[in-house]
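Naming follows writing order (A, B, C and D), and every chain is counted from residue 1.
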Amino acid sequence: MIEVAIVGGTGYTGIELLRLLARHPKVRVKVITSRAEAGLEVAELFPSLRGHLSLAFSPPSVDVLTECDLVFFATPHGVAQAMMAALIDRGVRVVDLSADFRLRDADIWARWYGQPHGSPELIERAVYGLPEVNREQIREAQLVACPGCYPTAVQLGLLPLLEQELVDPASLIANAASGASGAGRQAKIDNLLAEVADSFKAYACGGHRHLPEIEQGLRAVQPERAVPAQVTFVPHLLPVVRGIHATLYATAIAATGDLQALFEERYAGEPFVDVLPAGQHPQTRSVKSSNMCRLSVFQPQQRDTVVVLSVIDNLTKGASGQAVQNMNIMFGFAEEAGLDHVALLP
Amino acid sequence: MIEVAIVGGTGYTGIELLRLLARHPKVRVKVITSRAEAGLEVAELFPSLRGHLSLAFSPPSVDVLTECDLVFFATPHGVAQAMMAALIDRGVRVVDLSADFRLRDADIWARWYGQPHGSPELIERAVYGLPEVNREQIREAQLVACPGCYPTAVQLGLLPLLEQELVDPASLIANAASGASGAGRQAKIDNLLAEVADSFKAYACGGHRHLPEIEQGLRAVQPERAVPAQVTFVPHLLPVVRGIHATLYATAIAATGDLQALFEERYAGEPFVDVLPAGQHPQTRSVKSSNMCRLSVFQPQQRDTVVVLSVIDNLTKGASGQAVQNMNIMFGFAEEAGLDHVALLP
Amino acid sequence: MIEVAIVGGTGYTGIELLRLLARHPKVRVKVITSRAEAGLEVAELFPSLRGHLSLAFSPPSVDVLTECDLVFFATPHGVAQAMMAALIDRGVRVVDLSADFRLRDADIWARWYGQPHGSPELIERAVYGLPEVNREQIREAQLVACPGCYPTAVQLGLLPLLEQELVDPASLIANAASGASGAGRQAKIDNLLAEVADSFKAYACGGHRHLPEIEQGLRAVQPERAVPAQVTFVPHLLPVVRGIHATLYATAIAATGDLQALFEERYAGEPFVDVLPAGQHPQTRSVKSSNMCRLSVFQPQQRDTVVVLSVIDNLTKGASGQAVQNMNIMFGFAEEAGLDHVALLP
Amino acid sequence: MIEVAIVGGTGYTGIELLRLLARHPKVRVKVITSRAEAGLEVAELFPSLRGHLSLAFSPPSVDVLTECDLVFFATPHGVAQAMMAALIDRGVRVVDLSADFRLRDADIWARWYGQPHGSPELIERAVYGLPEVNREQIREAQLVACPGCYPTAVQLGLLPLLEQELVDPASLIANAASGASGAGRQAKIDNLLAEVADSFKAYACGGHRHLPEIEQGLRAVQPERAVPAQVTFVPHLLPVVRGIHATLYATAIAATGDLQALFEERYAGEPFVDVLPAGQHPQTRSVKSSNMCRLSVFQPQQRDTVVVLSVIDNLTKGASGQAVQNMNIMFGFAEEAGLDHVALLP
């Protein structure tokens, strides 16, 4: 049994961590912080937790956090950077769900996030927490940077093709759609139900912060000699609460062989990646509330374009579930501990 | 570890039973029947179950069912009536999720369901499976008739008031709304997304089949001398997948005293009924995917009308979750076994 | 051709006024004000208006407003009260969509809105703009106070019963549900899609500001000798953008006779009230985008409780459409001018 | 004033035609046919039309149809093929909303629709009804084949790029999403609200019937020497009632110059194509209920991939609105007659 803390627990990744950890057999949530809601019972804010958890928000304090075995950051970008050094110095292990330590290059981070990186010296200490790529490094890591939601769905869909150099890395397309919880629990007119329900739109077509993370992650699995992956990434806003669907396009540059077999083999041992039988299309509801990623691969009309479909729950495999999966790996728990939910369908 | 069968597993209460039982520590689903889909892997129909369950639909067979410790009926009305005698005779225990054995009077059943009752002689063997009222009888029952979804939400909301004779039983109002999964997994134009999304309506205002069940259940808890409960019941169709919200109105006929305390005391020991703090309003999402019923009680403007708000997930506490709860009671398992989900919020 | 102004045009009632007036044959929108967005093209904020309207927001100015034939207030409460005297003095006609002049008693207004009334002396000048009751007074009015959305749906449903004294005025129940646009275009966490989609809840059960307006309106049509109408009003939040559905309950105190005929006769000449054929249930989508109210009346199980179902589009008949209807009456236009939309179904 | 008939009026394109034609200044709907609903008042089936239209469904009859100036087919594929010769022979003008006469090659039609073409000899008489390409031919046409919903959105987005040969025609990608009304008003489990709400998926990734239509339409505008357009088309199902959003990708093969200016010029005179200001993203709600197509063009990160965003209402510009637009052109009415709706936002 380990004791963990959650910094910034009033957002959707915070409540999702609580939902998962409340039933985790090896974990007790000891601390959950929020400046704004300090003193409030968690279940007052999130009535779904009534009866499952007795815990109040407390103000953030490094001293309190260091008494925990693990600290999750479920904060807006910038916060983890400011507090990280103190925690790392005292030997605390950290899983950061924010974007603070995902990018390996502090300058690129600064350009996309519009502010200088607060702890550039710690970047090299961070392991990118995509278990399907970095499981071994995660095991020993002190600081794990959890992937973004879109990058998780996109990378899991494209990895097998890039690892095997079957497609042109220079012309990848990631057309993705996310439920509104991906925009966070913040008071903004743009995310009101009356603004986004019963509608659909692309956004950030000129450039989204997840683009450099996606390209970095894809390049990391390419053979060294390969042309670096380049992605056109267009996110869309789905009028649902949860779910990411990525439709990925790549141009075959070699005989693609049996793509279905390739994908099945690549993910054969993975507890949270499911390659659907040939011809099926994944639905976001087939992973809702679960940590699963479901994938399909097509080569329509036997032409050169390969299409991969990838779905996750943005709050689970796209955020808090993956954070728990990383924790499980770091502490030697069964990787599926606390993550064995059957998706909620219907 | 017991072995169970599900008769009629292709509907929403069937898939919900599978979701719950796939993670139940004491139960193995041995058989799931469907004439139409015999031979098909369950996970082909419900991809959320991929990796959680390896089982194919089989044609219904009394011989196979009798090898199980418990049989769930998740069938349209009429089916359980036709097969029940054979199972009861052989000593099989049954939890029937359909309407077949809910009503104590075969004539009333025949009138509301438009056909003669198929096994009137078995009605008296059935225990009405609302644990908050009949827990002791359920323990020993061979045949449990699971309550309907609306009747569960309505009865749990009104019981404390009727037991204490605080309100006029002759003028109760149950205004309720259900998500579209309540209409079942049947090909009907009326339930297409393009027909019911982005809209709201009442239906069956002239008379809904759950009305006699609601009145029967309420009368069963009234003191003998009381005027029999009479309810105006108006169901509505919500453009969501899951959830029932009942708004209940009753006229106080006595000093109501501390209604909040009354409700809290009535449900103090109940694992699946949660009375919210005074002044809060329950949301259906606070119980989504969970077996919980959450309640609030108000007396607006200190006038005579008492308002009770009651929410459940129609597929869980309103159907399959309550069926599992009944099974747990029948077999002496912990009542919360397999039912300890935190509701999915957001 | 008249020229009109809209004060406070950045909310949903503002954009809905523009949608309706852009196609009105007798009206030109000359001015639309917004402090926050002054200088911005209206179509930048509301792209649906591109190509239909060339107009920019301007700061509010009494001088500019007085050059118009009519001023609409589409503002939060308190704003119209502050500006009204200046406009009234200069002879401008006003249709106020806010709550500022709906209540006849400034003290009651102050109690429910938590601040003193800003122009109590003007209250008696205001005509309550429900054409089905006050058409003649509206014709001559200088200041029309447009009814709230819930009060419109509730009053149209209950008027025939109270006018004829068929039901007990002391025990009326108005159970109503509104789409999320009713909460306005304001940045609030509570109205995010991720908070309210896929859920349903009651709110303000202890007391909603529309309650005194509803009771005042109902009492105004009762015969003098009658017991004053008293309503238990419970609003609910629907996860749709537009639409109000009111389910109204009243106890018959006399032989009710042919209620269907009563309702049909009461509304025979009304262009925007449609009594459905007996036995049908109105759906909110059947009035979406239109100024129509559709009604049904039931007496379930031939018992004493009368049930009326009433649907409107909260932004049209519940706000801006009714405002345009009032304008049409005030200026002698055809009452349906600019309001002849067929509802958007599906 | 012309008189028109609608064959097959019980589907969504039928009701949408009625919505538009009920307010059209130059048209009277004389006949609407349905075998299944013959005798039923249209407003019984579609309550939104109550008060706007007094018309009953009648059985289809060539004699009756030939008395009309124009016949709309709003039927499943195959029906118009069977009846067309009789109408054409008698000189009736026809706008066919079905797929029957969209493809120029009867063999390709047969392959994608799984049956022989019923009137191959009439194909050459049909004009493809995309006014932005074929306005002049439509004017004189006796038989107009209305484009499919996806093909309309996709072609309008890609035309300017292909006409100017700015992109590689061999590697076009059309990633599109449609509201559920696109699947028609048919009783299918797959389209129940409980199946598709709160979810998102791709479908027909291996090949959708709109693919050959899209490619045919794009090739028709390419210069003769060009490599024929080839498209990877992946449709998705949106959990909304109305709306299509196409996200289109093409690889620049020349200096693209000012794409914004290119699009604005191409559509400068078009009443129903709106190019948004640079940097804006179209939303489906900005065209809901209207005949408008709104477009944006991007070149993300100044790389080679051009992205075009295109939204329409699938039932309006994607079907019945475009049919009315074609009728307006055929009969010399103002092209916007009956189509001047402001989109319904919010």
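Everything below uses one rule, namely that a contact is a pair of C-beta atoms (placed from the backbone, for glycine too) under 8 Å apart; a residue touches a chain by one contact, two chains touch by 3 or more.
If you want to know which protein each chain is, UniProt gives these names: A, B, C, D = N-acetyl-gamma-glutamyl-phosphate reductase.
Since we're looking at a predicted model, the values are computed, not measured.
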## Note on the structure
In contact with subunit C as well as subunit D, sorted by label, we have A, B
### Task
Could you tell me which chain lies farthest from subunit D when each chain's centre is the average position of its Cα atoms?
B
### Query
In terms of C-beta pairs in contact, which of B-C and B-D ranks higher?
B-C
### Length of the line joining the C-alpha centres of subunit B and subunit C, rounded to whole Å
39
### Task
Averaging only over C-alpha atoms, locate the centres of subunit B and subunit D and give their separation in whole Å.
45
### Summary
Residue numbers in subunit B touching two or more further chains are 12, 181, 185, 194-195, 197-198, 239-241, 282-283, 285, 288, 346
### Residues of subunit D touching subunit B in the complex
12, 179-181, 183, 185-189, 191-198, 239-241
### Query
What does subunit C use to touch subunit D in their complex?
12, 15, 18-19, 22-23, 46-52, 181, 185, 197-198, 241-242, 274, 276, 280, 282-283, 285-290, 292, 294, 315, 340-346
#### Entry: subunit B partner contacts - residues on subunit C that touch it in the complex
171, 173, 175, 177, 194-195, 197-203, 205-207, 211, 230, 232-234, 236, 238-241, 243, 245, 247, 249, 251, 279, 281-285, 288, 296, 298, 300-301, 303-305, 307, 309, 311, 346
